[in-house]
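Mind looking over this structure? Questions follow.
The chains carry the letters A, B, C and D, assigned in the order they are written, with residues numbered from 1 in each.
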Amino acid sequence: MLGTGLIGLFYTMTLHGQRGRDRVSCVYSRDADRAQTFARKWGIKHAVTDMEEAVKHTSSDVVIIGLPNHLHEEAVQLCVEANKAVLCTKPLARTAAEAKRILNIVESSGIFAGYLEDLVYTPKTLKALESVRRGALGEILWTRSREAHSGPHSSWFWDVEQAGGGAIVDLGCHCIEIIRNFVGKDIRPVEVSCWADTLVHPIEAEDNSIALIRFENGAVGQFEVSWTFRGGMDLRDEVAGTEGTIWLNHFLRTGFEMFSSGAGGYVAEKAEQESGWLFPVGDEVHELGYTDMFTDMFNAMDEGREPMETIYDGYVVNAVIDACYRSAKSRKWEPVELEDWRGRTGVARIRGLKEMVDGLELVKRERLPNGEVKLILKDPGTGEVTQRVVEDD
Amino acid sequence: MLGTGLIGLFYTMTLHGQRGRDRVSCVYSRDADRAQTFARKWGIKHAVTDMEEAVKHTSSDVVIIGLPNHLHEEAVQLCVEANKAVLCTKPLARTAAEAKRILNIVESSGIFAGYLEDLVYTPKTLKALESVRRGALGEILWTRSREAHSGPHSSWFWDVEQAGGGAIVDLGCHCIEIIRNFVGKDIRPVEVSCWADTLVHPIEAEDNSIALIRFENGAVGQFEVSWTFRGGMDLRDEVAGTEGTIWLNHFLRTGFEMFSSGAGGYVAEKAEQESGWLFPVGDEVHELGYTDMFTDMFNAMDEGREPMETIYDGYVVNAVIDACYRSAKSRKWEPVELEDWRGRTGVARIRGLKEMVDGLELVKRERLPNGEVKLILKDPGTGEVTQRVVEDD
Amino acid sequence: MLGTGLIGLFYTMTLHGQRGRDRVSCVYSRDADRAQTFARKWGIKHAVTDMEEAVKHTSSDVVIIGLPNHLHEEAVQLCVEANKAVLCTKPLARTAAEAKRILNIVESSGIFAGYLEDLVYTPKTLKALESVRRGALGEILWTRSREAHSGPHSSWFWDVEQAGGGAIVDLGCHCIEIIRNFVGKDIRPVEVSCWADTLVHPIEAEDNSIALIRFENGAVGQFEVSWTFRGGMDLRDEVAGTEGTIWLNHFLRTGFEMFSSGAGGYVAEKAEQESGWLFPVGDEVHELGYTDMFTDMFNAMDEGREPMETIYDGYVVNAVIDACYRSAKSRKWEPVELEDWRGRTGVARIRGLKEMVDGLELVKRERLPNGEVKLILKDPGTGEVTQRVVEDD
Amino acid sequence: MLGTGLIGLFYTMTLHGQRGRDRVSCVYSRDADRAQTFARKWGIKHAVTDMEEAVKHTSSDVVIIGLPNHLHEEAVQLCVEANKAVLCTKPLARTAAEAKRILNIVESSGIFAGYLEDLVYTPKTLKALESVRRGALGEILWTRSREAHSGPHSSWFWDVEQAGGGAIVDLGCHCIEIIRNFVGKDIRPVEVSCWADTLVHPIEAEDNSIALIRFENGAVGQFEVSWTFRGGMDLRDEVAGTEGTIWLNHFLRTGFEMFSSGAGGYVAEKAEQESGWLFPVGDEVHELGYTDMFTDMFNAMDEGREPMETIYDGYVVNAVIDACYRSAKSRKWEPVELEDWRGRTGVARIRGLKEMVDGLELVKRERLPNGEVKLILKDPGTGEVTQRVVEDD
C-alpha cells in the first residue's frame, strides 16, 4: 500500500474489513511516523519510507498506489521494474500523455494492472449497469453524473501542479467513467464542451465545472463537479434511455435519515453539521464501491482475465479531461484526442422512434383518460403534423 | 380566454376552482364546437369564434392569451387596439424580435400586461425565492432547472413553424425564467453555451437540449429539457449558493406515493402507467403555480403595480432562447443580445471566500471528528498550499 | 371568526389569501387588544370582546368557531339562538356526550353546520380518497395515520380540563377521521385498543398514544400521536388494500429540501432549527387542507347540501376518542359506544383471496424470474399446503 | 449448511460472495437432487441427505441451520452431540418453551452458538445503533419496526404446524429484536398488546398483526407485520427519542429508482412488476445484514467472545411472540413470561423533561420567529398552566 492518506485509509479499511482473505502486508509513506502509526492501527507488519523498498517488498503480490497524482507514473515504473501487479488509484495521471506513458510501460511489461475507479463499482451502479445491458432502458440517450462536496481533505490536491487540475481532475474522472459505462465503453467519446470557473476558493484550479461529452452514436454525457457544495457530499447519477430512466443517489438520500438535537457529540463523517437532520450512509466503503472493486481486481488476477476497469480506461478518462480543459479555454466544442481507440468505430446513430402509420411517421403515442389512444403523425413529404384518436392501438 | 387547449383548460380550472372572485366570461376558439363545449363545461356565458370579437367583448376586463405561439403577437395587437389588459402565456414569442415588438406595442399603449410564467409561481419556488432573498443560501453560484416529459399534447407544438422551435421553446422558457429568478432578475445573462439534438422523434425541432447561461457576476444557470423522458413529468430545480443548497421537486416525488395492481382503472394524469408505483400530485393547478400566478396578476392590476412576471421578462427569455439556438449551431458560447437591458450593469463578481489567516489566504476550513479544526491555507505570494490543525477557530 | 389563536390565524389566512370571495367581517377575542390587533392586521372591520355580539353581528352569514375545546358547546348554542350557520373547529367537543348535545341542538335548529377537520381535505388526501373510491387499492385492510410534533403552542391545550385530554384529543381527532375516510365512513368503528402515556412533559394528559380501531368489516385503523417528536411536524398516512398501497407525507418530505449554514436568519415555521437541512412546505394553508375545506363548506351552503365533514362526523370521532381513553385505562379492547349510528350495519367481512385451483384453495400466486408461475395451494379438507409451478396462469 | 431453501441460498451467497475466507463445505437437503444441484451451483464439495451425517461431517467447523422452524431443536441437538459450533436461523423456535430447551442444551454443552438475526446487522441499523448508544437521540421513547410483503416463498411457512404461527413468527421475530436493540437489550420487555387477523389468505395462521411491547422503563416498541402488502417488500424502522429521531428504509426507498417500459425482461427480485417505477436494492445480501452478521459470528468464534446476537436473544424473542399470541386471543395486555431474565431489573422510568423555572415546571420551550423564546410553565401545586415570553433563554 503506497500512501497513508484518505484513499489509502479507505482501501485498507475495505481489505481489512469483513472476513476478506486479502491483507495489506507493507505500507509506505514518505513520513516514518505516519507509516508506523498507520501500520500499528491496521495490524500491518511492515512500514517503510522508501517507495522502491515498498514496491519490491517480498511480503506482497500486488502494489496498490494511493499517492498524489504526480507520483503515479514513477510508482508504476517501479512496479514494472519489480514485475509486480499494480492497482492504481484514480485519476490515472494528470494528462493523457502521462497516462499513455503509464499504459505503454504496463502493457509492454505484461504485469497485471487495474484502474481503481471505485464509483463504477458501487452496488447500485453495478445493478443499474446490468439492467441497462439487459435493455431495460432501451438505447441510452443521456447520462448525468454529479459529484460535489466542499473540497478535498489533503492540501496537495489544492495545488494545481501536484494534482494536475482542480475539481475536474478530482471528481470529473469518476463522472466520466460512470458516463462511459452507462453509454457503453465501446462507444467513442467524440467531443466535449466544458465550462470551468473558480468561484469561491482562492486557488488557481477550477472549483466548479460542467461539461457535455458527445458520443459517436449521438448520446450525451453531462458531468457537474464542485468543490463548493454545501450540505455534505452530493453523489448522484441519472440515466435516460428510450425505454426508461434510472436515478441513483449514493450518499445524501439512501434511506437513512436522522434528526438529533446534537446530544451525544460527533454523529457522521463528512456531514457539515452535528445536529439537525443528518443523512448518514450505512457502510461507506461498501456503498462507495470499494468492496466490489477489490473483489473484481483480485478475482481478475486469480482468473487471469482483465478487470472491469483497466489502465486503458484510465487513459481514456484522461483524454476526455484534457479535452475539457481545452474546451474551457477555447470556449467551444473540442475533440477528444485518442490516438489509441480500442472500442467500436462507425457506430450508427441512436435509432429513435421509427414507426409508420398509414404512410405517416409516428411522432408520439399517448393513452387518454377514456382509454382511447392519440397519435401525433407527420407527413414525411410535406412535414405537416396532424393528430388522430383511435379506439385501440 | 383565447384558446381552449390544455393551457386554456388549466387557466380556467384555476380561475373557476376554489372560491375565486374572478371568472371567465367569454371563450374563443377557431372551432365553434370546441368553443361551445368548453363554455358549457365551465359555465362560461359567451363562446365566440372570432378573435377580435372575443378581445373586445364587453363582458371582460382582461384578455388571457392561451394560443399557439405564432398567434401571440396578433392577439396582443388586438388587445392594444381594444385598450384591454392582457395576460400572455409562455413563451411570449417565437423570437426576441417578435417579443420586442410585443413589448413595444404594449408599453406604448399603456395597457396592463403580464407574462404567464406559472412555474416561477409554484408555492415551493415562491418560498425558496424568499429564502434566497433573505440570504439563506449566501451568493447564488449555480441553478439547475430541469423540465422533461414525453412531448407536448397538441400537434401544433410539434411543428417548428408554429411553435418557433422544439423543447427549448416549450420547456426551456420555464427554466430560463426560474434560473433568472434565483440568480437575480437584475443580473444580466451574458452568454450561452447550448447543445440541442433530435434523438428520438421524427421531427425537425430539437427533442433534447442542455444549455449553460453565464451571468455577469459569474453565476451559472443550467437547463435540461427533453421531450423523450420516460416515467412521467420530471420538474426539478436545484440551487447552490455559498451558504446553502435548495432542491425542489415539483412533480414525481412530492410526498404522494401509490402502488396499484391496476384495479379501478385510470389513476393519474400524465402518469405513463396505470399500475405499479405511481406518483400523483395533490392539487396540480396549485402545485404548478397557476393559483399564485393569477393572484399576483389580478392583485397587481387592482393595486396599480407591475406583476412579478412582466412582458419585459418574456422578452429577456426570448433573447436567451435566441442565443441558445445560435450556440447550438455555432457550437460555441454566444452572447445574449439584449438591446434593451433594464437590470444592473457592471455588477461585481461573486465574492467567494476572502479570509486571511496570519497573512495566508484561507482555502478551506474543516471540523475534524476530534473537534479540532483543519485549515488549508495558501501563500498569496508563492502560491504554496499548506495545512494547519488548530484547537478551535 | 371566534378566536384569534393559531387556528383563527390559519382560517383567516386561508380566507383572505389568494382571490377568495369570502372574507372575515368580525373577529372576537376575550382580550380587546388581541381582537383589535388581529382585525387591523387582516383588514377586518369589526373587533369585539363579547361572544354573543360577535355571533349575532349583522355583518356575517357564518360563524367560525376557533376557540378552546371547552367553549365549543356554548358557542354553538349562541349560533343556534342567532339562527346562524356555524363551522366548528376540531375536535368538536371534549367527550361524546358533549358532542352529542351539540349535534342535537344543531340538528333540531336546522342551521347549516360543518366540522372543520382540515386534514381530510388536504389535496393529497382528496386525490388519494378518489383513487380508493375508484377501487385502485381494492378493499382497504389497514390505515395508519401519524401526527407528531413537539406539543401545542397555546397554554390552554396543556390543561386537561380545558382541552379534554392531551395528544389524543389534539391530534388523534385528525387521525381518526382520516382513517374513517379511507376505510369508508359508512363502516362502523366497532372497538378500540389504546395505549397512552406521559413520557416527557410534566403534565397530567398523555403526551404519547397509539391506538388500533377495528371496523365491522375487519379493517384496522392505527393512529400514532405524539407531543414529544423531534425534527419538526411529522404528518404521514399509509393505506394498505388488497390491490395496492398509498403513502402520503404532508409535511417533512414534500419535495422541498434546503440546506443553509444559517445565514439570513429565520427560515421556516415549525422547523426546530434555522440551519442545516430543512424541509419547508410550499403553501402551508393549502397543503394542510384549509383551502379545500372552506371551499367545500361554502359551496355546500350555497348548494344546499351537506359538507363532506359534518357535525355528525365530529360526534363519531369523539365517540372513538372516548373508547380510546377507556381502553388506555382498562388495558383491553373497548367498544365504541355510538347510540346514534347512521352508516351501514351488518357489513360483510373483507373478502380476501377466494380462488380455487383444481379443488384447492389458492394461498398465493408468484411469478418466478424464469416467467413461470408458482402457486401455493391448500387442501380445504385436510389443511395440507402444497406448491405447484405452472407454465402460465 | 443445513437447508437449500431461500435462506440457505442467501447464507451461501453471502459466504461465497466477495473475497471471504469462510466457505460452505457440505450441504444437506432431504432431497438428493436439490442437495446436488445446490452443491454444483455454489462449488460445494459435499452434498448429503442425512442430517446427522451433515452435522458430523469432518469438512466443517460450524453448522449453519437454515431449516423449517420445527426442525431447529433436533438440528441443534445433533450439533451438541457432535460438539460442533452452531448458528441457527430466525426464529430460534416455535415457542419459548422450545427455545428454552435449545438454550439449555447449547449452554450446558459449551459449544459456540449464535442467533442468525440478520436485520439487526444491516449496515444502516449498526450505524444507527451506534448513534443511539452515543446518545444522539437521548432516551429512546418509541421504536416502530415494520416488515411487510406478499407472503413467504416456501409452502411449509404457510402451515401453522411446521412454522409455529404466521406473519408474527416469520416477520415479527425480526421486528422484536430490532426494537430490543434500539430500546436496549438489557431493558426488560414487560408486557404486550397484540392484534392479529387473517384478512386475505385462506390459511389458519395470521396474515396481519400489529403489537405494542411495553418495556420496564416505559419505552414502547411497535411492530407491524403483514403477508398481504402490495408493492414489494416494505422494511422500515423508526425510532423516537427525547433528543432525536431515526428513520431507516431498508428496501423500497434506498436511493435507487428506475422506470422501465418493460423492455429487457426481468428486472428485479421481489418487485411485483417488471415495468413502471421500480426500486431495486444495490447489494441485497449486504443491505439485509447477512455480511456483517457472519463477520460478527465468525470473528466472535475466533476471538472467543459472544456474538452480538445470541441464542439467549432468540429465546427472549420467542417469549415476546408467545405473549403476542396470548394477547391476540385474550384481547388485553399480557405479561412477557421470562423465567430466565439476564438484563437489568428495577430500571428507572424514562426521565423526561425535569426543568424548573422560578419554581414552575417547564412544559415546553419554543423559539418564536422574532427570536424571543416562549415558555409554557406549570405550577406544581395548583396544576395551572401559563405561558411566558422571554428575551433569551
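Side notes on the structure shown:
Criterion: contacts are C-beta pairs under 8 Å (C-beta built on N, C-alpha and C of every residue); 3 or more make two chains touch, one makes a residue touch a chain.
Here the structure is a predicted model, which means the values were calculated and not measured.
Traced through touching neighbours, the fewest hops from chain A to chain D number 1.
One rotation lays the C-alpha atoms of chain B on chain D, and its angle is 180 degrees to the nearest 5. Ranked by separation of Cα centres from chain A, the top chain is C. Taking each chain's centre as the mean of its C-alpha atoms, chain A lies 48 Å from chain C.
Centroid to centroid, with C-alpha atoms defining each point, chain A and chain B lie 32 Å apart. Annotation for chain D: residues 137, 230-231, 243-245, 259-261, 266 touch two or more other chains. Per the touch definition, chain B reaches chain A in the complex via residues 137, 141-142, 144, 148, 150-151, 153-156, 158-159, 193, 195, 197-204, 208, 210, 212, 214, 218, 220, 222, 224, 226, 228-231, 234, 240-245, 266, 269, 330-333, 350, 352-354, 361-364, 366, 369, 371, 374, 376, 378, 380, 383-387. Those residues of chain B that touch chain C in the complex are listed here as 18-22, 122-124, 126-128, 131, 134-138, 243-250, 253-268, 280-283, 286-287, 291-292, 294-295, 298-299. The touching residues of chain A, counted against chain C in their complex, run 230-232, 259-261, 272-273, 275-279.
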